[in-house]
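What follows is subunit A paired twice: with subunit B in the first complex and subunit C in the second.
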Partner chain A sequence: MNPSVPPSAAEYGGDEVSAIVLDPGFSSTRAGFAGEDTPKSLIPTYYGKYSFEDQDKIIFGDDVFVTPRPGLSIGNPMGRDGIVEDWDMAEKLWEYSFTSRLTGAKPGNPLHNGLNDVPDGELPTEMEGLETDEKPLADSPLLMSECSWNPTKAREKTIEIAMEKWGAPAFYLARNGVLAAFAAGKASALVIDIGASNISITPVHDGMVLKRGVQHSPLGGDYISSQVRALFKSNTPQPITITPHYLISSKTAVDAGQPPQAKYKTFPPDRTPDASYRSLLEERTLSEFKECVVQVWPGPTKLSAPGPNGVPNEEMARSSPGRPFEFPDGYNQVFGVDRYRVVESLFDAKAAIPDPDSLFPAPTQAQTVSELVKAALNGVDVDLRPHLLANVVVTGASSLLYGFTDRLNQELMQLYPGPRVRISAPGNTSERRFSSWIGGSILASLGTFHQMWISKKEFDEHGPNIVEKRCK
Partner chain B sequence: MPPFKDEHVLIIAPGSQVTLAQLGLPESFTPARWRFPSRMFPSEKKGEYEPYKIHERRQEVKSANGSTAAKEQEDVEMKDQPPQEGTANADAPKTESTDETKPEAAENAGEEGKEGGENGQTVQEIFYEEDIASEEGAIWPMQKGRIVDWECFFALLTHVYNTLSPPFHTPIMLVAEPVWSLRDREAITQFVFEKFKTPAFCLMDSAAAVCYGYGVQTATVIDVGKDKVDVTAVTDFQVNEHGRGVALEGCGGDYMTDRLLELLGSKGFSREMCEQLKRSNITELLPAGTPLPGAAATARQNGPPAGSNTQLGGVENGQPKNANGTAENEEDEGVLDVAAIVSGNTSEFLAAREKDKGTKKGADAAKPVRLPNSKKEKATFQHQEFVKLEPEKDAPSGPSRFMRQTRDIEVSVERFLSATPMQKKGERLSSGLLEDIATQIHHTILAVPDATKRSDLWDSLIIVGNGSKVKGFTQALISTITQKFVLSPSGTIFTSEIPSNFSTPLPTGGTNTPVPGFPGQMHHPGSQGVNPLLVAATHSGNPMPPGTPSIDPLSHHRSTGHSQTPTSVRTVKPPEYFPEWKEQTATQQPPQNQPGLNGPGGPASGGGHRGMEEAVFLGAQVASKVVFVIDQGISKGFMSRVEYNENGPSAIHEYVM
Partner chain C sequence: MAAADVRDMLDLPAEGQPRPHKKQKVVEKRPEGITRELFALLGERAPPIAINENRYKGRPKWQTKARVRPWRMTPFSNEARSDDLVLRHWQREPGSTQTPAIEDMKMEGETTEQQGEQKSNEPQYPFAKYNIKINVPKRYTTDEYNRHLRSDEWSREETDYLMDLVEEYHLRWVVIADRYDFQPRPVDNPDDNTDTSTALVPSKQFRTMEQMKARYYFIAASMLALETPPSTMSPPEFELHEMMTKFDPERERHRKELAALQLNRTADEVREETVLLEELKRIAANEQEFVTERRELYSRLDIPVSVSNATNYHNSQGLSHLLQTLLQADKSKKRRSILGPDGIVPTPGGQTPTIPNGPGSARDSSRADTPNGGTTQPATTKKAAAAANKEAAQQAIRTLTPAEEARYGVQHHDRLAPGVQFRSDRVQKLTQAKSHVQTQKLGAALAELEVPLRLVMPTERVVKNFEKLIHSVNLLLDARKVAEKVESEIRVLEAAKEERERKAKEFKEKDKPEVKSEQRDEDAPVPPAPVSGAVGSAPQSGQPVNASEGQANPDASSTANNPASGEPATKEKEGVSHKRSASVLSNGSDKSSKRQKK
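Entry: the complex of A and B
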């Protein structure tokens, strides 16, 4: 091609729009365009609230972790059971999740963005019927996920927000268990989701949730954090207090187990961030601790049980090398057998570290993962059980705990010695963390899914209750 | 599609302040040949924009002599300026190098005026004159990286494109700001394809571009801009969107100016003076904990800053400080004879002047010892400002002349405090510029899902952006990180058992020997003298505990346990194989004291930048070479026009680098 020859005038004439997939969770909210492999927008579901110069301000996004604000307090619109509690905030937060990185906050008026300039001698196209007040989702269909025990009211409220507040042209609400199964490439699966506030077991058959088998309990990542806190409290030689980074100005290296020598920061009392902020930031350190130190006892027997060769498992654990961890204030210590104990109660309720101040009541055996699986399978047809056991999908960020899937495998094999147990847990960290989003991304980009959408017209005709009929 | 050639590649890197652009890839990659201020002026006709401020002037045209009329489109002349002009000036004092374009351009306007007036009629006419220096009414379409005025932004792109006037078969590489949303990118894609009819387009993330420039695949890129900072973790050339610090407010170069203004405002400093002070070579960031020179030696940098320093900071300002004390001399120093510059060889003229000044100063120099800046309690910088001269009576419509006033201003230790927390507390509980950035880096790296990469990310920080030009920025930032975040390889080593399966570290070959004095090599104080084997042992993954059951390895993933980071922090060494960039990095030129970016959009003048701050442009060139010329689209590095016509703008996300 001669560089001085102008190109032909052929131009793109289509108007394909990709759907937005929104996967709200308790700890983080994921949003992105359908067809992509990871959600482009990942924000904490926690939001910050403070007032500055007599104005109430709300901040969303990661920024809350980086710069503290005067009198900042932290809230979360989701309830611990995964159901929205504060609808106003949920709406704002979800809207932020897709406007911040995907659609842009305020779409420029298309009349003035330079793309619609009419060349001389051409008649402008008719622009009537164009809404001047553009809604954030005016041109993208929206697929949202929900937990399997979401009540009808909450589902109706969700479609109302999507259709009326955001102006979505089409909407669908899918169960996150089903989506996680899709992400693993399965239409039938037993989905074990270890989230932040909840663990849930969802039996999925042919893309449908078997409602009677759905089980959930609060022993999620936040529960493990509370166990870690309990461990720190009873730690020897001295209890450990977590001082988040924002309260430290510099630290000095100290020997293991020695009291920290750090320079602390102080804020004037009227500007000190709220206790909820501190606890959120402590959670950051705890999640680092969970990533680096905490380990699940691999089994096959419980940590408290005697091992196969007569030596108690605890002794075995004690003999394995510990892992060091340094806290933001410079305090550091090696954690030996304790690093197994903090998660043992996910499988053995009796092993829970007691802490009277904890938010979480002491777990019961029925809340442990293995018992939940048992209850879930008891709730489904006998003929389906072997098939489900052969397709166990593990998802959720807390399932990334070191050694978790090994232990789960052992527990399931002991519970069901007969049928073949096969666990599928993606190796890729982000696939594990975002599997229900990824499933939604796959679903919404399928051509066959187009007939499933609830269109704006249908919503206007039938009202919000259409979601009960169409999204099962 | 025929292959793309080096000389046809068009690269544009828009920024909130400056838009860098270049047509063609040189044999060895150079800093951007064109620098446009990222602003446009609304023109007479609504919805259209002009690159320069246009003044309307009514006057009677009498004769050819002395009248002024400027054509409306003047960029033609600007284009004619040889791009290498700046490099020719390399030996001239750097403080002067960009300034001269202004008077010269003003002169150009004058010349045109002569041409325009030659018809010699006495009529009342309206003339439009371009005022190159004026910023009045300018629209800056990008703020903090965000595109706030699309119409104007597209006008800016069009202006850049038209100025460089590439041939039709030109692939375009556009460097995208991290803050642009996916929809923004689609809009830009659509505009580029439909307006410029480009055959191929690549939208590259600026952080990825920096990694290309440095030739590293995993790095933490810290881009310090005017009033925002972006912190990005790049692993294997992939930008990690999660946890990315996008357009962090109140962390850029403006923070330092504002802080200086806060410290010195009570002493009569204007914001412009603070800006110049920040750009001068006496402003420096000292590593955390370094005592300030002078009486404040015991005060730490983090301590209460302004209060104790007020008395000792005998700041002389407000009055031009005159070296020789006579008014005549001052006149001589201050006024720059524009005519002399324009007619003669500018660089020689300026060099001579500078030398002249230097000797004068040297004569009365009473300083017995030459201390490094960081030890001196007081230091002086040269403040320059341009004063428009009143037109003389006999030539009422001549080209506007500028007088440059230079004066020396002495500043005390405040100049070391530009990154300390603001006294006037805003709505953020900021702990100072560096600490905020350090916290963001910590957050960003911790959010990287691949935990094994985190240690590498800490060991490869890249600090770019013109906000980081302030002396000592990198070292001070690293020392802040070290103080707050780096883990101590402490007693844990001796209390824990050493796992037996760690690999023995390879002997370091000569190539791996750290370069002494390299700023990145800041070790934790506690790490000295600790056996590296022990460090490796304690921080390596632990062996599998006994009794691990064997399970189906295919459908099953076992995460490898990892340890905490960072154990060390380092910066990446800039590449050495681009001599043009290397030169700039090596020569520690005093940053230019030009007032803002008032200069006209035109060829870059070489001086002023110390090089790798604009590594994003080097990376864009490297990537263009790879994507357009070497790869020719085999690995889907760019979006072609055919693909655009088929799939529309949203397909750009599949190509975003």
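Entry: the complex of A and C
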């Protein structure tokens, strides 16, 4: 194809206005230009905070993980239910997410940055339009995503930040369930989003969320991590403690199940980072564990139930070869049936590994994925249910657990034997992780979407409440 | 006789096998950069690799000498927006063809025209046209609402709210029902209000989708009817109105209940259903198979008579048949290729006439088929050719004398039975009559004549004579049958007559004064007699000649033989016989002659 010939607009309906798409999540925040296929800027939503020479300093981005600064504490502006709690930090973090990679840092105040220094005796000329130039988003419309249960106040706050603080010429707030459906190429779908802090089920019809059907429960990736921790505590040869990488100076290889032989780094008490730092880094090890070892029992029956040929599923799982995992301190072990057990509670609440110290209360059956789907479908019109079941979109990084979609498929088939259940889950890892961002990228680059933006003018006219009227 | 004609006659495809091309003389071009002597050494077969030299061909020429059209970040505004938000996108500068025109305009230096030019130049935003609005009914006024739309269940405020939602969500009922959240007095309890803003599903007064639909359809139909009374509505409008007025929320609710039941079937029920469906599919497939098989069988049974078999035209008879069919086709087509312009049809004269005719038409057709001949030939020459054909045909007829015909075995048939048949069948058919008894009698007669039932040497002449013989034997057999019948009837009638006379004598001897009753008695037995009954039925039903012939005779004989019988009876009989058709009479005479023969 001749690169000098542009694709005709009718072919793909696109018209790119260099909009920025911002998809904040609990674990990571994604930002990028609309029209691209992956977010250019991917930063953790966790931020580091420490004081240096009596000045409070904040670290954003991947730098958080790198240096164990004294007194470094980790915070997250998002609440566990996906709604912003700390608006100041959220604003800074989001701003960092697009200024660091996309729009670039704006030059500071020209009066002080030295670029405009004039020789003595001459008066500096008056700069006009100074105010607008400093706003980070002055020339890109901004599309943001939100969870489907975002309260009105939070939405209004979001548009205020975008319009007033960042100076966006246009803004739109879209539900991430809808965007994930768009990313899968569907206008109507049942979106099952397994995120870090939440599982959410969003029925989408014609690009609009059906609010009565929206369901969410806290059994996300972090919950699975807590289950893994509980598993480590009750581990049979000895309980496993996770020592993050930053505490290991050197290690030697040991046999499976043998106690670790490693030299540990020690920090003087006044130079140790906060406990939250350690738990964040432990979480990194855990997510590695989840990626490598943890597996979802494929079904069709529960792990605790007897299998189709009389043999209990647990026995079957035990007979399958285990998976080894080596911890940062060199301890390694082969995980057999336990690797199924940690995620079984997503589908069977009774299978949860009890842990009194965990942040998460023991799950109820109503919080499991299949029950959530059932509740979500009961919340929508009966005519729509078969259609939604035929368009199930699975997204979220935690849905990448090995065998998750198979099990989900089995559960849904058992729940609804009649209608056809079809799950669409992209095989591509990044598409699964960033699907709501990708949907936003598609949406914001559509020519027909440009009439939906809330412009600065409209915002000034109607106030922040306009977001409720326009972003339905 | 050209090859095309033969092909046409034998019903072969026009150009079955392409004519073998003349072997082209392949002259390989001597590539440049190789000497003639060296090339000659290569021999006839060129080497598989090309010896072409790759040479630099110079720079490719640009297709157009247009200037580069740069991409510019241009601001645009969307007509679908109410505010004039200006966004910017990359756009290519318009082509260079337009620039001189604009420059020309600028040369004129008229500012108004410049502006006009710019405005028309500025394209509409291409996606603005997708901003479509749905057709919602005109909003009612208070007066209209109070007069027509008042409802006990719906307040005015709630109705307004519903109409707003309908407009907002473009009649997507699923979404409307989902977002429906009408609060009667939102100002009264602010606590509750804040609650609902955070809670996902505030359920105050629950309205089902059916209720909303019913209300909306009622309003929409009423407004439609108010605007245009149903009598003046256009058909689609009326249809819409009908549909909306006939909406039944109860039925819809019931349907949804059933749909929910259907959705929530257990696995066993689903399995049963699939099994049943499989069974049904199997049955349907079997049925289909059966139908196709039967169709195949039928098509095999009444396969059309193949005319394409060339052996049909090997004899003269077949050829004349072909001509006849061609003529038929010609007549039906109302074309005048074989049939002359003056309508003189060359009589199907056997072998020779078809030959000059055939080739002519074939040539014509072949010419029409081939592109080089048909296109150039004018119509007049065609006509001339047709006339020539006709003349040739007439000449051909003259050439055949009866003696020649006999010599060549040329035959003429009035009509040929369609289909293939054995000629030997015809011989056998002659000796078979309709009934088995008749056939046996025929066989017996032939045996008497010492003629074999199956001819030993069925040549044409022999068969003809045999035909005559069989015909006369049949006639004789018929006559004999009739005669036997007549004789038996005569016997019966004579017996009856004797009986009657005997009775009459007895009566006369017994009682003289009772003449009247006697006469009545005399009358009575005659009509019910089998003879007279048959007589009555004969003219009406128009039965085969044989039967009526048999009935005619006894009458005649009875009248002839018994002139002394009662007068009224004879009169009646005479009347009946007069009524009989001439054929009967003639048959009677025939029969008498046959009897003489016998």
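We take it that the second predicted complex is superposed on the first by the 428 of 472 C-alpha atoms of A that agree within 3 Å, B and C clash if a C-alpha of one lies under 4 Å from a C-alpha of the other, contacts with A are read in each partner's own complex, and residues count from 1 in each chain.
Note that in this section a residue touches a chain if its C-beta (ideal position, glycine included) is under 8 Å from a C-beta of that chain, and two chains touch if they have at least 3 such contacts.
These numbers were taken from a predicted model, which means no experiment stands behind them.
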| item | value |
| --- | --- |
| First, second, both or neither for A:M78, with subunit B first and subunit C second | neither |
| Which superposed partner A:A34 touches (first subunit B, second subunit C, both, neither) | neither |
| Subunit B versus subunit C as contact partner of A:S18, first or second or both or neither | both |
| Touched partner set for A:S455, first subunit B, second subunit C, both or neither | second |
| Which of subunit B and subunit C A:A183 touches, first, second, both or neither | neither |
| Dominant contact partner of subunit A by residue count, subunit C or subunit B | B |
| Subunit A residues contacted in one complex by subunit B, in the other by subunit C | 6, 10, 15-18 |
| Subunit A-touching residues of subunit C, taken from the complex the two chains share | 78, 80-81, 83, 85-90, 92, 125-128, 130-131, 168-169, 172-175, 177-179, 197-198, 200-201, 209, 256, 259-260, 262-267, 269-271 |
| Subunit A contact footprint on subunit B (complex, rising order) | 1-2, 5, 8, 47, 150-151, 154-155, 167-170, 181-184, 187, 190-191, 193-195, 197, 199, 241-245, 248, 288-289, 302, 425, 427-431, 435-436, 439-440, 442-443, 446-447, 449-451, 483-485, 487-488, 490-492, 495-499, 524-526, 538, 542-543, 545-549, 551-552, 555-559, 561-564, 641, 644-650, 653 |
| Partner subunit B, residues of subunit A touching it in the complex | 1-7, 10-12, 14-18, 33, 36, 38, 40-42, 50, 52-53, 57, 62-63, 65-70, 99-104, 107-108, 112-115, 245-246, 248-251, 253-258, 265, 267, 271, 273, 284, 288, 291-292, 295, 298-300, 307-308, 316-317, 320-326, 330, 332-334, 400, 402-403, 405-406, 409-410, 422-427, 429-430, 432-433 |
| Subunit A residues touching subunit C - in the complex, by the definition given at the top | 6, 9-10, 13, 15-18, 139, 141, 149, 151-153, 169-170, 205-206, 208, 210-214, 379-386, 414, 416-419, 446-448, 450-451, 453, 455-458, 472 |
